[in-house]
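Scrolling down, you'll hit the structures one after another.
Common to both upcoming complexes is subunit A, partnered first by subunit B, then by subunit C.
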Partner chain A sequence: MEPLALLWDGILAATDPAIFACTILGAVIGLLIGALPGLGPTAGVAIMLPVAAGFGGVAAIACLGGVYYGSMFGGAITSILLGIPGDAPSVMTVIDGYPMAQKGEAGRALGTSVFASFVGGFLGIAGLVALSVPVSRYALAFGPTEMTAMMCFALSLLSVLGGRNAFKGFTALALGLWLGMVGLDPISGLPRYTGGSMNLFDGLDFSIIAVGLFGLTAIFTSLEVNVDKPVAKYTFASLLPRVSDAVQTRWQLLQGSVVGFFVGVLPGVGASAATMISYALAKRLSPTPEKYGTGIVEGVAAPEAANNSASYGSMIPLFTLGIPGSATTAVMMGGLIMVGLQPGPLLFTENPEFVWSVFGSFAIGNLALVFLTLLLTPLLAAALFVPTAYLYPIVIAVIVYGVFAIDASTFNVTLTILAGGAGIILARLDYPAVPLILGLVLGPLLERNIRRTLIQSQGDLLVFVERPIALGLFIATVFVLLIPLFLKLTGRKKIAADEAEV
Partner chain B sequence: MMSVQQLDQAVAALLIIFGLWLVYTGMNYGVMQGTTPGAGLFPIIIGSSIVLFSAINLYRALDGLEKLGSGISGREAAKAGVVIVALLIALWLIPYLGMMIATMLAMAAIGLALRTEPGPIFFVKLAAVSVITPIILLLLFQNLLGVPTPRGPFGF
Partner chain C sequence: MTYGLSNFVKHGRAVGLGLLTAAAIAVSAAAAEYPDKDIKMIIPFGAGGGSDTLARTIAGVIEEMKLIPVKILPENRTGGSGAVGYSAVAKEKGDPYHLATVSVSFFTTPLLGGSPVSYKDFTPLAAIAQSPYIMVVPTSSEYQKLDDLKKTPRFTTGTTGVVSDAALLAKMTSNALGIQIDSVPFDGEGEVMGALLGGHVNVGFLNPSEAMAQMKAGKLRPLAITSAERSPAFPDIPTFKELGYGEILHTQLRGLVMPADVPPEVVTYWEGVLQKVATSEQWKKQYIDRFHDIPDYVDAKGFKEVLERTNARYETMMKELGIIK
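== the complex of A and B ==
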């Protein structure tokens, strides 16, 4: 019961006017980002990162969290009304949502998606609250060896699952790890790869690169996305979720939420894969699988519950271990670092008020989004028709001001623009950006842990496999590395993962 | 003009050279000092990994195993190039014109590059967006968040 009491205290703390306002602001921006085709949760959180960091403390993370789960609500609007996924996690919603809209049931489909998103979010928060405390307590026993093994496992999973070609995933990861080395060496104090520039002595600020690589690249790769399809008709009354639909879809809601949550926890898999697995499972377990794809509420409920639940599941590795499992949580980690906190097990013992207030803001945001989505759907549907020639200059201006605000430096803005340009080449050549950014985030930590372990063991490499947890994680890493070979031998294809969520 | 496949091969080849350079610099930083790992250990590991994976990528690219159907179109890449150049010029102009005016010019240039609507009304709307947005952002960042934004000859 202890976590429930802590969550309740967190909810009360998150009703503070400043935190509440930032939660709602994040949720509304997330709705808009999710609804706009071309921009996804990672781009949304990256674009808002420098702005939100200015709010400080709980308000900053509440705002970024609001963008993340708000975009999960918003993606369904475009999927249902236009048949175009607003973002990657809402791709599966198109399959039944759009046919429902074509049958004149757009309002009913939207109502179901809002209710399913709420249920998925509610159960996801419950899972986050229930698992965070035990996992963080367990993780407190981790030394540098175990943390090294855990990071190797997470990074290998991300590289193998993060893109179509695992070798390019590993190349991107290695480039990210190199970028993480730029600056003064933390142990010897030697400057590495700075080119003599004083601006780089403190290393590359990960948030600056993330804003470019995810925010600007998402814009650059969707410059020609302009909506020219007619929007499906609906009335406001038809948007309200129906009790009969809730009862009819109860199993899909539950199954989608549970599958979404556990898939979300796994590094590198993410919300998009969660929706695909959830939809496939709902169809397989249905007595009438042939109806899926023709426009039924069950086909909307399962993926919508899954993508919201997955967004909270993916926060468990971030908050409890300090290891982000997806691009979006990596950007959120940047937010935590910018407000002066290091995510990981110590966060729960040293800053419990912060953690529970953030979780409380998630609960408030999830409930508020039910009303916000219903109220703002007409406005969001209209916003879809704003040409990119007006919209993107505004978003780019926000990015420029936001990045400048981090250090009051135009050098940082230049780096962001260059990262955005590099992101285009990566996208064009199929190098996944997620392993690169996670390599940049985790690289310094990984290097420090490896070198500390080797210093303690006086250079003995066997120390990495002497401790049981580390050994287990290294064995798991080897299995992960063999996944591409296994898929090749069995002729199977993997499900598109988090990379598509950008 | 270079095809995507050729670009893929060129990038893989360049990354092999880059990886070798990392290994070389790592050796200069020092690999081990007695039993203590030096600043060059990690660069050597990472450089070697880049060489290995890029060699595989190059082999796959040369052998036609790499299917590069997705990604952005050439037209979109060209537009992105225009946006990047506009932003870099605006950054260069900031010390002379101030952040607000430089942003206004960049927004107008980007809007023109992305133009899809015909007719003069587009210019009116774009001008309004390009003027109003930087003013709001200046008020938000400078007055509300206390960020010292560079000022131009007009004092803002």
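== the complex of A and C ==
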């Protein structure tokens, strides 16, 4: 119970007015940045870095941490209300959150996302505090070979998200995989599918595509149907969160938190992949998978718990090993150096008070965000009372601003609009957008790790089955793929639920 | 809407360019008054990264020591692997109110054909520190010293991106020791470190600040350092030269550049400023001690030679790898 006592001391230290103020400042900024389509946690932490560095010491890192997990709370807001992912890790929240809002349950959906974010955050902090040392060892055991197996396993789980028509689902996935290849070849260095444009050298930013493909497409399509779409009959009750939802979704909350934590801790994977795996798993394990995608609280709870928990998981390699496993933690590491600390394995032993105070601030920030967001929920949900003729122009302006702010580049804005246009074509032809996004996120991870493994092994494919973790994951992959087939052959129920609309 | 926006930007740039050219002419006419307005420091990479920290620290020290009468305004202009930011500076030909720092992408992106500008489109001012690389193995490995590596024919190392100093050093070390070190490209320094500590690659060529923390914690063992002389921060690590491999000499110079064709008196002015920075207590405290670089001042001429040599090295390596013809 020593970590608990240390955490308690840390929480007390973090109640220092200056640190507390910086924590809240970070959390609120994170909330806003998360809600702003396009801008995500990495950009948010980077924007705040020069400001936060000025606070010095614990306050600086408490503030940056606040931006990080605050954005995980905020990302859900636009995902649910408008169907526009606020940032990359909240793409999966759109799938059930947006239909809920359209059914007039925006308050419930937002409430669920707040509960889920809190539970994910709480369990994530608990894991960060109690398990950081063994978990960091587990993270190191994942080399390119293991990551390849992990990605295969993830894709096998995700095959459940393909939509009604398997052929169209796989086509969309292939399209996503192809889009993931645009940019400089990560292994050989040659430009691929860039058409010579240097704007494409860094590849397609997944959040920019997602904002266009989900957000703009939703707006364009609804405009096409009826500009003065009558606002659905919302009652005041529909704006309020329901505590009973937290109880109802307890298993999805737990599952999402655990998956988010263990996926988030892996270097280079990140919260977005964690939400995808968590959502797919929730659907797989559900007795009624066909309901996923129609707007149910379970579909909001799983990914929202996962992204918060993943944000703390990804901080473990940073604090225990001095290894930033994601773009966001790399910026946070810059913050640690700027306040005069040396991130590395000795950070805990040399500066225990610092580390525990920072962790304490996380606990405070996580709790504070629950109150902030619950209070805001009715207000935010009321945005849906605004007629689309007023709402959409504002939303489009906000999207353009958010996307432009990532790199101050008009190219990205064009890209979002193109993605929005492509989204309409896909929707018309009934190709699901989700597999495309999965391909875009997981494709590069899969490709890179296969090629890294083959460089290491000098082309020998046997390495994939010689390493125990990789072998285990491959066996699990085969199982996941074969179970539905087996059940179908033996005439029992269908698990894969490919009929469900995604 | 996009059309309108980009049009606006182009228009704005054209006006800016005109003003700046006018300013440049005014400056060369009365160079004694330089600088008479704030100087833009373009950082072609995102906030929080190595380039960003370097640029902001230099700007901070200059301001703290009041070395110039105007302000330096750091600005991040990311995209295109550095091409966007570097072209923004190079475009202001002859204008001594734009600064940038040098990075690996400064050379590699243009070599790949990914940038309209190359190192030739810049005026080197001076360098104020050099960052060596430290070759390391995990402490659990059987190799105690550099020559022990010769017992094994093949190794792997992690590099950030395909063309990097680590990849370059792997090649140089392979040739010098008669072994084979294959580079596995990762997406960030953190992933490289994870692969090294997790035993997924065998050797590493790390920045001093990355290596320091892990060596202090006893996770990594240093074999050699790539500077000409031992680094004050690591007095116990032998140089490759001492160990009989004088050809393995490669450090990253931390220096500033301006667009091409700035007046020579501006270069002299900045040599003076940067020499003061290089020898200052503030620079030592805020950068050298924090990142464990080697304090060193290199004037414009010397810096230019290093830039040319570094570019040639990358060019050769990329040709050998078949990336460019």
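In the analysis below, the second predicted complex is superposed on the first by the 265 of 502 C-alpha atoms of A that agree within 3 Å, B and C clash if a C-alpha of one lies under 4 Å from a C-alpha of the other, contacts with A are read in each partner's own complex, and residues count from 1 in each chain.
As a working rule, a residue touches a chain if its C-beta (ideal position, glycine included) is under 8 Å from a C-beta of that chain, and two chains touch if they have at least 3 such contacts.
Please read these numbers as outputs of a predicted model, since none were measured by experiment.
With both structures placed on the common chain, the touch criterion links A:F20 to neither subunit B nor subunit C.
Of the two partner chains placed by the overlay, neither subunit B nor subunit C lies in contact with A:F474.
In the overlay built on the shared chain, the residue A:T221 is in contact with subunit B alone; subunit C does not reach it.
By the touch criterion defined above, A:A174 lies against subunit B but remains apart from subunit C after alignment on the C-alpha atoms of chain A. With both structures placed on the common chain, the touch criterion links A:F262 to neither subunit B nor subunit C.
In the overlay built on the shared chain, the residue A:A408 is in contact with subunit B and with subunit C. In the superposition on chain A, A:A141 contacts subunit C only, with no contact to subunit B.
In the superposition on chain A, A:S188 contacts both subunit B and subunit C. In the superposition on chain A, A:G335 makes contact with subunit C only, while subunit B stays out of contact range. Comparing the two interfaces of subunit A, the one with subunit B and the one with subunit C have residues 185, 187-188, 190, 400, 408, 410, 413-414, 417, 455, 458 in common. The part of subunit A that touches subunit C in the complex is made up of residues 45-47, 49-50, 139-145, 184-191, 196, 198-199, 201-202, 267-268, 317-318, 321-327, 329-335, 337-338, 340, 342-347, 400, 407-411, 413-414, 417, 448, 452, 455-456, 458. Subunit A makes touch with subunit B in their complex at residues 54, 165, 167-168, 170-171, 174-175, 177-178, 181, 185, 187-188, 190, 192-193, 219-221, 223-224, 226, 387-390, 392-394, 396-398, 400-401, 404-405, 408, 410, 413-414, 417, 420-421, 424-425, 427-430, 447, 450-451, 454-455, 458-459. Partner subunit A is touched in their complex by these residues of subunit B: 4, 7-8, 11, 15, 19, 22, 25, 29-30, 32, 34-39, 41-43, 46-47, 49-50, 53-54, 56-57, 60, 66, 68, 70-73, 75-77, 79-80, 83-84, 87-88, 90-91, 94, 99, 103, 106-108, 110-112, 114-117, 122, 125-126, 129-130, 133-134, 137, 140-141, 145, 147-150. Taken together, the subunit C residues at the contact with subunit A in this complex read 1-2, 5-6, 9, 46-49, 52-53, 56, 77-81, 83-84, 109, 112-116, 156, 161-163, 182-191, 193-195, 197-201, 209-210, 212-214, 216-217, 219, 290-291, 318, 321-323.
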